[in-house]
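As structure tokens, here come the structures.
What follows is a pair of complexes built around chain A, which joins chain B in one and chain C in the other.
Presenting the complex of A and B:
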């Protein structure tokens, strides 16, 4: 069936079964002061998310770090403007995945895995602008309504397909149902593209470096490839969409954003402010990343973070990564990373701890000295008793 | 062939929501009875979701219905417990570190309830430690007392309720599907209520009904729902009958 026929069949089904073809336009933007949701659908969504936000607000996963949260808010406000950003409440969540989201009621969730991956403030602004665009354009609501219409079509077509109608009719019904399923995912991808473009407009207007937009997706592909390689899996296909894809592929996003920003020149990258804001918590974020058991991807990420200068914290984290994998050769590498970290920062207790554990596991009795040094540097260590059992 | 397969898949998807299996729906700790007339029960903010079920089976949240259900269920519960002489105290939202503790125990309870439903109420799936006849050994630990600090409560009551009312489209689909010999379920009404002893942290009673009656959007319906929810609630049987006569049902 051609795509035009398919669309006609869909429209026909929509007309027959009373499915709303398009949502009415709401007058006020959702970020306006004390906005109240309007339609039954919007009010229902907001009600659900208000409940979710009550739970999230008190969740142990939300970082209680006012300085970091304030920094993210400041970046959002600079990106979308102070009048718009007043509609957002920001929750920085300890979650090592590279992601952020913004709910229809203005609840913005920023993962620690995002903060550790963005290289500068411009990249953070690009992501925040994208999420804010979803919120401003009421994407969740529209996708909910579209999905509802399409599942209605699927339900009716399934009944027709299961009925005693002729083969022609049943076969057409199945085609319509399949198109409806495809349409749900295509709708979501269109929204992602729209959010990419509106988000880009915001961050460029705010004076941030436009090149940050495509760079994020190039690195995301490289990291995914490193993960796949480390796990001995096939790499992802970026040149074509899968039927169920929720977003355009990273390559598509990198490509259209690269085209968009071509010839725009440089902007404000803001590398320093981002690194200053994330610095106090970076060690904890790196530890979460190591627990993902993703050796290839983590090795890539650490390399990206280091550039050409490895600091003591990164060396120590890299040692932890190797020590966690724990092959005899990894223990040797880990010990070397810890030693380099100690050379850079002789008061780094964590490096002494890792060095001691790696050496003892590798059969090297010098580990005892390193562990003693660790306990001396950190007398109130929570694992004091545990480490003590390893000492003679 | 491919078409037949897709059709079968689609039909399976439609049917997925209508599973029904022999499952127990309530349990209580052996020997537990609520002493009427003296107990103070802390009601934790109930998790309530009320909405419609679209033709395709999606949940459509409805803010008005949810608020009505919240008000009606609260009033019905209060009335039911007053008949017993017990006092239901609505937990206030805490602030500061207490909020995190409170949220933690709320999350713990939902995990606990899900575990009981999965590993105790479904006999074929019972954990080896839960197989002894009459056993009901589940606890949140004595630390849960902290959420009721200063309220003087003996028990904490947790309620979860989800209602999806079949939309007109869903009902039409049900009729037409029946003509094609396909079963479609319209509406979904499930919930659970659990009581935790605040002194020991033990779960003393849990009722999880996956098919409950009573329209929670109305006062009478909510009363019926609360009666069903508190069914087999140790120590609440005789007055529950009184409520039934009082409301003329």
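Presenting the complex of A and C:
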């Protein structure tokens, strides 16, 4: 470019900026700290959400785990950039369902069930980026205005019915402490696509492996199938899109995400950092999952978490899952899993406890030895006296 | 109309419709008269007046209270059979409850209650806090304490339970009340009920 052309270009730019300065000021993006809600609708929405956030903040359901919360924040910041992530306040909530959400005022809720399901940092980034995209594009506000403009009860009901089930993974979306917030998160299908696309862009820019996006939807479908199969129900995977469905079906979504990321190359998966961050709480999260009485889905999930190598904690959890179902064959399988866990970690008191209880319930007197070992390994066990009564 | 108002406008009449027949069936349990509870051979001799809730949690269970449901609840489970749930399932399809089995060890009973509560109340905040051997209705039993919090409420409740498996059926009594005030005030009243519990012929009043 010659110097004359460059000068012209500069002049042109100045003119454009000049015009912009005299026009009414654009509102700040919603993630900037000083952003104030603009319209009456937005102010009303924020008022309700600020109140919901105050309740959530003090709720017993929020995990008081600063290290884990900080890790989730760090992943969000890497994904969407430091400037944007300042607008988010992160709450990790004890809830075994696979879900996350972000409210228009910047309150981001991440379920423990999400953290135990994502295999690596890239998958976590995919979900966080998607939720952030909803926030950045003010989808909740649009939906709120759209809903407010409708008057008939059927339209209201569709919003109510869709509340909470943001990922359509299970229809049993457990009510988080903030049900008022849940009902705001029924986005339209187009908005979901938009958020998927923007979320994908964030991932690529941050250097994460874009394949994480479709991967997680495929596994979500497989898990839902496993749950349905375990309960002797039909798979919902290929259901046609119903009129009221707020999300694209998982199959549709996995398919277009696969197309979207094709040819985008490889990125960083970040398996180690995620596992390190979740490890201190993984045992508790796995226990929450076992207690859902969802044998099929849980067995699938554990298999996915293990991959090729089952560690002692996962084997012990799998033993608990089988022992809880408690058919005679389950008790035999459970004993085998506990035995494998003990082989990997000979000082695992929980595995000895499980082994002993599984064997005794199955009528195998060897359980006594395992329970004695449990009591020896953990002399101050809270159920010491109870276990003692099972010994001859 | 805000979104929340609209939701409550839809839900409140529905709740009222459900509540009306239930409250109609509440009855007074007289002091000093032995009564068979939970449609079973489980018999209790109360040392004070109680109110029996008209709404049963399930086929073989019933709830007594002093001040009202949720403030101090005693629930009796009378002879739950193999392959039955502790209480009625909200949705057998989407939220199936775990089922009792006569092969269960006594240590499995607190876990059965914990998992049933977690699913029925949709809360992961339900924990068994202690487990110990005891005698209940003249049999070898298990006593346990627990605490739980319902979603959208954040009231911490504490509970205590006694259970025994007799002839392949589960007999259990639980007490639960808010951690603040009610639990400590009324736990002794519950323990008196448990001490009077018998199977079969009612004790002499």
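Please note the rule applied: the second predicted complex is superposed on the first by the 325 of 392 C-alpha atoms of A that agree within 3 Å, B and C clash if a C-alpha of one lies under 4 Å from a C-alpha of the other, contacts with A are read in each partner's own complex, and residues count from 1 in each chain.
As a convention for this text, a residue touches a chain if its C-beta (ideal position, glycine included) is under 8 Å from a C-beta of that chain, and two chains touch if they have at least 3 such contacts.
Since we're looking at a predicted model, the values are computed, not measured.
Of the two partner chains placed by superposition, only chain C is touched by A:324; chain B is not.
Of the two partner chains placed around the shared chain by superposition, chain B is the only one that A:40 touches, whereas chain C remains out of contact. Within the superposed three-chain model, A:288 lies in touch with chain C and out of touch with chain B [touch as defined at top].
Contacts of A:48 after superposition: both chain B and chain C are touched.
In the superposition on chain A, A:307 makes contact with neither chain B nor chain C. Once the two complexes are overlaid on the shared chain, A:60 sits against chain B and chain C alike. In the superposition on chain A, chain A positions 44, 48, 58-60, 147-148, 153, 156-157, 159-160, 170-171, 174, 177 are in contact with chain B in one complex as well as with chain C in the other.
Within the complex, the chain B residues that touch chain A are 3, 6-7, 10-11, 13-14, 47, 49, 51, 54-58, 60-64, 66-67, 93, 99-100, 102-104, 106-107, 169, 173, 176-177, 179-182, 184. Of all the residues in chain C, the ones that touch chain A in their complex are 2-4, 6-7, 10, 91, 93-98, 101, 103-108, 111, 114-115, 118-119, 122-125, 129-133, 140, 142, 149, 151-152, 154, 156.
Touching chain C in their complex are the following residues of chain A: 44, 48, 58-61, 94-96, 112, 144, 147-148, 153, 156-157, 159-160, 170-172, 174-177, 179-180, 183-184, 231, 233, 288, 291-293, 324, 326, 357, 360-361, 382-383, 385-390. Note for the complex: chain A touches chain B at residues 17-18, 37, 40-41, 43-48, 51, 54-55, 57-60, 147-148, 150-164, 170-171, 174, 177-178.
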